[in-house]
Amino acid sequence: MDATTVIAQAVFIIVATLTLIAAFLTVLVRNVFHAALALVGTFFGVAAIYLMLEAEFLAIVQVLVYIGAIAVLILFAVMLTRGLMQRDTISFNRQWAWAALVISTLFLGLFILILQVPWLQTPGTAIYTDLTPWLGTQLLTTYLLPFEIVSALLLAALVGAFIIARE
Amino acid sequence: MITQIPLVYYLALAAALFCVGSFGALARRNAIAVLMGIELMLNAVNINLVAFWRYGAADPVVNQAGIVFALFVITLAAAEAAVGLALIIAIYRSRDTVNIEEIDLLKW
Amino acid sequence: MLERYALIGLFMFAAITFPLAPLVLAFLFRPKKPNRLKQSTYECGIEIQNQAPEAESIWVQFRVQYYIYAILFVVFDIEVVFVYPWAVALNQMSAFWIIEMGIFIAVLAVALVYAWRKNLLEWV
Amino acid sequence: MDILSFIFNPFVSAYNLVHDTLTSLLQSLGVPPDWIAIIVFLVMGLIVVTVILIVAPVLMMYITLMERKVVARMQDRIGPNRVGKFGLLQPIADMIKFLTKEDIVPQGVDGVSHFLAPIVAVIPVVMSFAVIYFGVGMGAVDLNLGLLFLMAMGSMATIAVFMAGFGSHNKFALIGGMRAAAQIISYEIPQIFAVLIPVMLAGSISLNRVIEQQSGLFGLGWFILYIPVGPIAFFVYLLAATAEINRVPFDLPEAESELVAGYHTEYSGMKFGLFYLAEFLNMFIVSAIGASIFFGGWQGPFVQQIPALGILYFFGKTFLLILIQLWFRGSIPRLRVDQLMNFGWKRLVPVMLGTIMFTAVLLWFYRWFLESLKGLGG
């Protein structure tokens, strides 16, 4: 193995481990505020994974939207509903043992499946230019219909959320 | 740099993240924590989409389907979080709890 | 491309050590004489009742208005994500593409108008 | 001639000199080529990072002094003048004071959030320095998405504010943190939209590319001169950016008459110092972005012949924008919460939505005009 391979794989393993630790904390920590902070850490790790896949626009969108907007939305909701939460001493519901069993079986199955399929080991082509203008072009030609539907979806979600949340 | 990391690594990471997220969604008592688990699952799906785009597309510049779909997934996640959290806040206001075991009006 | 982001990663390490260094320095120099009065919560001269961690005495029930603004912010943040690639591709674009983005922005402007009309943007 | 070109472009020349010396040194030592690339990359990266991390706190310290001096003059006072000539050593005295102050952690705080909040506040600001261009070719990283990266870093400030507000175990901090978060997210949208106008005019999100596009008219083809969209976008950017970093007149989260000190009520010593550092570095970053995308950054007359001038132009424009923000502070009273939110959502956002579409149509007509001219000539 040459130098770049060692470094690339080491970086990937470090980032992936940190991401998974943050994800576990999100799920296991009792305090919901701390769980939300761990969630922010997970989002950051996933952004780093996108960078390794050379999807820089998506990585920055991940920081901008997931950390800057969705995490903030979750934090606002935590703040708005915290009042009586401190009395809870247990963070899991009654079915957690069953859930853990099912999920670990699922993970084992998925893992064995992933290992058995002969995936392509290397990407097909190198990325030779800035992706973002091409992305804009494709959004407005190939994916025009979903693109316009997204705006309608956002409008619907916003109106619905307003009606539900308003006193 | 990217050529030295096999696709399997990304898929394994995504699978692990998905399972952690779904455990959170199934086992937490706090409704907001359940939503966080769902966000983790969506992130895992996005990793898969982008990994397959990068490794599978014949020309990753001209055919950016993976990135476009990841963008749509992010949009959906945002819409889902907005409506879901609005529901949780509304329930909190009427029932004074966000514990999913106590939100059982429809059960009887 | 990845080399640039490797440099950004280097910057991130530096950015994490950058605030830690003065904290460590201050830890070495500063006096450490805590007492009960110093450590009490700041309350404008009123005696604080319950000092236990996560006590409800410091809890404030916030208005749902905060959440309404957060939703509006999320929706427009998503719009930003779609508008930036469009803006970069603008110099090779026909009039039709501008109309398409016009429709997209108009639909989200409807959301703003809706919130405005329903008096959801009022703080009071 | 060689010395002259070194003087005309000192920093880039020094960088290249060190880079070439290091490479040839490693080659003479017989290091394999792929390791040479990695070592040179790491060493040069560390040098750049170190230089920026030394310059940033010095900048911050003298912006604080500048603020105190300028605001004092506006209020018919003199300002700090005891420590050193004209108070020039005052920031150093302040720093020593921050270092020797006791760090009081009140009972009942949420340990993790309270400790991490100031650190999280500083990290994105320092990372923003990575993509700023201080002169011709004097940027650490030329990202394709530099401006979007800067906006993403700006949006991370909300998390730190939440952590400080939640972790402090104090009502004032809690209310201040919530208000700050609501304000930051409300003004982030107009700010990102205002940045979009130069991006559309330049056709690129890279900060360096946007600056290079403003080279017309002997380096005076700045985007603010593209009437009417340039001035509108700049005006919105200035207001939104001021609100985004919680400066006067938008400093409601820290309104001392209602909220003591907002989300940093319970912070003292160096932790408060870090919040202070983040605030002033944010001010510099925001002004630097404004100077780069609306006033041409290092662009100016004769900058092609003498690149060193670019540094002067950049810092001159940036400090002019900082001065405007200080002028706000010296002359405008604080807004009310409802006024603040109304101004953001009911004025700035609709104006920017209209401006974006207007700019697109203008650009299209401009291109159509050029093509028909070409058609006439051919």
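To keep things simple, chains are lettered A, B, C and D as they appear, and every chain counts its residues starting from 1.
Keep this in mind: a residue touches a chain if its C-beta (ideal position, glycine included) is under 8 Å from a C-beta of that chain, and two chains touch if they have at least 3 such contacts.
What you see is a predicted model, and the numbers here were worked out from it, not measured in a lab.
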{"item": "Pair exhibiting more inter-chain C-beta contacts, B-C or C-D", "value": "C-D"}
{"item": "Central subunit by CA centre of mass proxy", "value": "C"}
{"item": "Computed distance of Cα centres, chain D from chain B, in Å", "value": "33"}
{"item": "Cα-centroid distance, chain B relative to chain C, in whole angstrom", "value": "21"}
{"item": "Euclidean distance of C-alpha centroids - chain A vs chain C, Å", "value": "18"}
{"item": "Shared interface positions of chain C, touching two or more other chains", "value": "1-2, 5, 54, 62, 64, 66-67, 70-75, 77-78, 80-82, 84, 87-88, 90, 93, 101, 108, 115"}
{"item": "Chain A residues counted as touching two or more neighbouring chains", "value": "4, 52, 54, 56-57, 61, 64-65, 68-70, 72-73, 76-77, 79-80, 83, 127, 131-132, 134-135, 139, 150, 154, 157-158, 161-162, 165, 167"}
{"item": "Residues within chain D bordering two or more other chains", "value": "110, 143-144, 148, 178, 181, 185, 188, 205"}
{"item": "Chain-chain contacts as defined at top", "value": "A-B, A-C, A-D, B-C, C-D"}
{"item": "Interfacial residue positions of chain B with respect to chain C in the complex", "value": "1-2, 71, 74-75, 78, 81-82, 85-86, 89, 93"}
{"item": "Complex contacts: residues of chain D adjacent to chain C", "value": "41-42, 45-46, 48-50, 53, 98-110, 118-119, 122-124, 126-127, 129-130, 140-144, 148, 169-172, 174-175, 178, 181-182, 185-186, 188-189, 192-193, 196, 199-200, 203-205, 260, 265-266, 269-271, 273-274, 277, 337-338, 341-342, 345-346, 349-350, 353, 356-357, 360-361, 363-364, 367"}
{"item": "Chain B-facing residues of chain C, complex", "value": "2, 64, 67, 71, 74-75, 77-78, 81-82"}
{"item": "Residues of chain B touching chain A in the complex", "value": "1-13, 15-24, 26-30, 32-33, 35-37, 39-40, 43, 46-47, 50-51, 53-62, 64, 66-68, 70-72, 74-83, 85-90, 92-93, 96-101"}
{"item": "List of chain C residues in touch with chain A within their complex", "value": "1-2, 5, 9, 54, 56, 59, 61-62, 64, 66-68, 70-75, 77-82, 84-90, 92-93, 97, 100-101, 103-104, 107-108, 110-111, 114-115, 118, 120"}
